[in-house]
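Chain IDs A, B, C and D follow the sequence of writing; residue 1 opens each chain.
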Amino acid sequence: MIRAGIIGSTGYAGAEIVRLLLGHKETEIKWYGSRSYIDKKYSSVYQNMFRLVEDVCRDDNMEELAREVDVIFTATPQGLCASLVNEEILSRVKIIDLSADFRIKDPAVYEAWYKIHHPAPELIPEAVYGLCEINREDIKKARLTANPGCYTTCSILSAYPLVKEGLIDGNTLIVDAKSGTSGAGRGAKVDNLFCEVNESIKAYGVATHRHTPEIEEQLSYAAGKPVTISFTPHLVPMNRGILVTAYASLTREAGEEELRAAYEKYYGGEKFIRLLDPEVCPQTRWVEGSNFVDLNIKLDKRTNRVIMMGALDNLVKGAAGQAVQNMNLMFGLPEDMGLQMAPVFP
Amino acid sequence: MIRAGIIGSTGYAGAEIVRLLLGHKETEIKWYGSRSYIDKKYSSVYQNMFRLVEDVCRDDNMEELAREVDVIFTATPQGLCASLVNEEILSRVKIIDLSADFRIKDPAVYEAWYKIHHPAPELIPEAVYGLCEINREDIKKARLTANPGCYTTCSILSAYPLVKEGLIDGNTLIVDAKSGTSGAGRGAKVDNLFCEVNESIKAYGVATHRHTPEIEEQLSYAAGKPVTISFTPHLVPMNRGILVTAYASLTREAGEEELRAAYEKYYGGEKFIRLLDPEVCPQTRWVEGSNFVDLNIKLDKRTNRVIMMGALDNLVKGAAGQAVQNMNLMFGLPEDMGLQMAPVFP
Amino acid sequence: MIRAGIIGSTGYAGAEIVRLLLGHKETEIKWYGSRSYIDKKYSSVYQNMFRLVEDVCRDDNMEELAREVDVIFTATPQGLCASLVNEEILSRVKIIDLSADFRIKDPAVYEAWYKIHHPAPELIPEAVYGLCEINREDIKKARLTANPGCYTTCSILSAYPLVKEGLIDGNTLIVDAKSGTSGAGRGAKVDNLFCEVNESIKAYGVATHRHTPEIEEQLSYAAGKPVTISFTPHLVPMNRGILVTAYASLTREAGEEELRAAYEKYYGGEKFIRLLDPEVCPQTRWVEGSNFVDLNIKLDKRTNRVIMMGALDNLVKGAAGQAVQNMNLMFGLPEDMGLQMAPVFP
Amino acid sequence: MIRAGIIGSTGYAGAEIVRLLLGHKETEIKWYGSRSYIDKKYSSVYQNMFRLVEDVCRDDNMEELAREVDVIFTATPQGLCASLVNEEILSRVKIIDLSADFRIKDPAVYEAWYKIHHPAPELIPEAVYGLCEINREDIKKARLTANPGCYTTCSILSAYPLVKEGLIDGNTLIVDAKSGTSGAGRGAKVDNLFCEVNESIKAYGVATHRHTPEIEEQLSYAAGKPVTISFTPHLVPMNRGILVTAYASLTREAGEEELRAAYEKYYGGEKFIRLLDPEVCPQTRWVEGSNFVDLNIKLDKRTNRVIMMGALDNLVKGAAGQAVQNMNLMFGLPEDMGLQMAPVFP
């Protein structure tokens, strides 16, 4: 039985880790961390867990945690995980960090986009970027996994095969992404009130969103050369879900069949990636509550561009589900353990 | 392995049976019935099932079905199940009917409220009303189970302990119920279009809704005498969930403690019924996707009335989940098999 | 030209007063009060007013305001208006208070339900309860009008004719009310975040909501004797709208025709009250953005109860629209000036 | 007083024309056309119009209509207007066609994208494309105005100044558009049911949507040469609103100031176009119910692309509001008559 601790268990992503681990038969949650709700019953913060979780919330003591559990999930704002983790801790416990702290290899890039000093740059090299379908073998050996961002997972997986195969020019890539509101977190802000979000859509963080360098770094590895993209996130009046619509120019003539073949090549054996039938557009409702990513493409011969589409549940494959998938890999468990649930509709 | 057939598998309730049975380790779905989509791939109708269900939809042939499966779920409009079932079929297969056909013991009442002739009144006596927490022992022995309506389940469970104990006067009972839109089904009607439902709330079927006699019959059994109630359903702009707010006058002086004790008496050991802590109001979001019913009461000393509140997911405990719970009972399986999922939030 | 000042202009109700007065040809807004946004451009707080309002927000200085304007709207939490207003101010300016401070005639009742000391009980007697259709003549002469609550307006108007005519027993009245989320205000609270409200419905303030004594007081006047009711508010995932479903027992035999005649008697000439055709249930979407209240009733002969239904826009007839209607009455303008807009749908 | 007739008055766009004309003091609606609801009271189809509209719906008889009214709005599917209109009719009445029939100058392009034969190509040359801010002078003289599509209006207005000034390369233009569900019309289709749209987002009509050639034609006029774009519409779970996020490469170095100056140049005097302050992103909620288009741009120096954003209400500026604006121009009325309403929020 794997003993798990969650730092930040009362945010939406942390709470989703709780939900998933409750259905994971080889894991037991030993520590519900939440600085905001110390000593409060977890189920009074998330009433859905009434009678399912009897624990109270505890402070973020990583030292103590490292002695009590086998794996720590940090579902906290950037900066926290990197400020707490060290070699001593890593020698005793595996860490899956859902923040951005260890996603970007170049600390200067991290600091430029996040505007904070990185407190543990010496640990960056060993951290593995936890995009399971791309870095599976490295994740299996990792002590410290950087769980990818929600937009990032969807964006990278949507474009990866075509970039990797050199079929599209990465520098023409434009990612127009749309997210449900749980991605904005559970903080009490006017901008996230029901009446402000409902019946509206907007772009935000235009040309400055922090997931941009993360997408660029991973696609640059795939391309074998630097890739600079445009990325625009949007807020959609729904709870869950990310939809990516991405555009890029082909590097040479290619038919839709050939493009689809690239997806089959890289994802053909992947349980959690579904390449939809031709002409079927991904929709977030078809993946809600599950760890699936639905993908499809459309070739526009008039413009010689390919439109790539991807949909996932931002709290599952975009956060907690991928974190559990990473945990399974890191502990040698079947990769889909605790993640077999079908999408919930409607 | 129980072989299951679903007649009406492409309605919302039928599709939820599919979702639940995919996660039920002792059941295998052998027949996806859908008169509207015969020969179409099931996963093209419900894209969430892409790569999870490879079957095509089949016609409603109960004769043939009865030879191929162990249990048939009928998730169809009233009148269909009763017109297909007979002694011969019941001798070979167990039936869980999600329609109203076998819920009401008096065919005259059925015909008065549903405006259709009952085609198989001779089978009504043996049908068991499948409200698991009330009729558990009878369900275990049933061949034909009448799965309760969504409003009904929530209304009865909310009021049952107080009626049974004689603490409230059933004839003062007023049930004001609110439902998510999936309760209206997947039929293409203007009234259920997004723009018609969104940003609105309305009552409908006022004083004439067909779930009324069903609630009355069951509460009359509990009271040991006829009970006549007011019942008003409302349509709420959300996908899932039923909330019941019910009002009744106390028959004698009683404190909230004593009232709560009645709930503990009948539901204390029930896994799927959660009596919330005092002052916590049930909310549909805390039960979504799960088989839970959350209940609570509030005593209003100013008016000597008790306000009973209940919340459930209309597609789970209000339909498919209860149907699976019934199946588990009828086949001697653990009652919660395939139903352990925690509620999904947000 | 009436010069108007708004204290609390950046709450949802205050902002709706702004919207309505911009379309009112005899009024000019001279003061956008907002303690939270002093010196900020109003249109940066409400971007819909970009280029329509050039003013900046100002502090709540009622003394100064009273010298500059003809009417003050106070759209603030309870306690503020009563702490600022005095005889001197009332001698110079008319006040329409959207808070609860002057709605209830007995300060002890106010203090019992609101848990605050009333700072100006000496002004309560002269304050007029601003339910235009009931107190029109008194409002015309008022210096200080207490604008009714949103739930209250809908509840009272739904039941008033039957109470007034003695056709229902007020003590059997149960009001089950449902509100859009703008009624909860623009404060940054977790409970009002999009993900918390969306896809859910709940009751709150059960048996303790502060609009209860206000409804009781007004219906007691109508009945000519004390009336005690049950009132339960609910939060609905939509921006605007209140729906009331109310239940009461008839005091004597009466047909639906006779009941409808009571509504015609009191509301037959009312522009803003629409008694719908028989069997048509009010829906909030049909009044959104307008000052209408849609009403209807249904007689349930089985239980001898009448079900009264009412729908209004909580920010218009439930707040700002009624405030403007009161202003029109107080200044001798046509009662519907600036309020002729048709409901917006969808 | 202008007498108006509306063919297709019971669709969402037609109903919005009704709402706007009720508030237009120089117009009177004489004919509520609706083939689906002939002889039914209009207010029974749109209950918001109860007591505001007493007329019944009538058939689509353009001959008769032309004798009774001064202007006809056709808010019907493509093909209908062109099949009814002729020189005789145009000699007696002005026509504002909200369908696509007369938007595209080349009938071959129309037929290629719409897959129907154009029944009146001889009238295409005289039809004026009714994008008021671009073609104002021509519209004033028009007998037949082709009211632009909703996506089109938003897309063209967002990009026009930069295309016109040659600051962006039209062939690099990618328009990612998001629409509320009223754009899908009031037809009873499963895809538009509440439960199908709610909690989801999807792209549709990828690389094949019919508004594409309309955008291309108008931007080609602006560019002075053929422009081919990528256009992707998305369905968003909200009633109203279109948001456009458009991307294009600069043709030469330019700062954000210079780009903004282009917008000021073309739109500086426009009442209904609001160029927001720098860094403020358009949101559909800030224009809802009004005739405004909110625009802004962001220069991304890393990619040398400019991101253009536009928001409008698809039923107002994207349909009925623009139609009324066109009517005002065609009849010599103030352009904003009946269109001064402030946006409704929340």
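The criterion applied here is as follows: contacts are C-beta pairs under 8 Å (C-beta built on N, C-alpha and C of every residue); 3 or more make two chains touch, one makes a residue touch a chain.
This is a predicted model, so every value here is computed, not measured.
When chain centres are set by their Cα atoms, the one at the greatest distance from subunit C is A. Two chain pairs are in question, B-D and C-D; the one with more C-beta pairs in contact is C-D. In whole angstrom, the spacing between the mean C-alpha positions of subunit B and subunit C is 38.
Centre-to-centre separation of subunit C and subunit D, using mean CA positions: 37 Å.
For the pair subunit B and subunit D, the distance between mean C-alpha positions equals 46 Å. Multi-chain contact residues of subunit D, defined as those touching 2 or more other chains: 12, 182, 195-196, 198-199, 237-240, 283, 285-286, 288, 346.
Listed in rising order, the residues of subunit D touching subunit C in the complex are 12, 15, 19, 22-23, 44, 46-52, 182, 199, 239-240, 274, 276-277, 280, 283, 285-290, 294, 340-346.
Taken together, the subunit B residues at the contact with subunit D in this complex read 12, 181-182, 186, 188-190, 192-199, 237-239. Subunit C contributes residues 171, 174, 176, 178, 180, 195-196, 198-204, 206-207, 228-230, 232, 234, 236-241, 243, 245, 247, 281-285, 288, 298-300, 302-303, 305, 307, 309, 311, 346 to its touches with subunit B in the complex.
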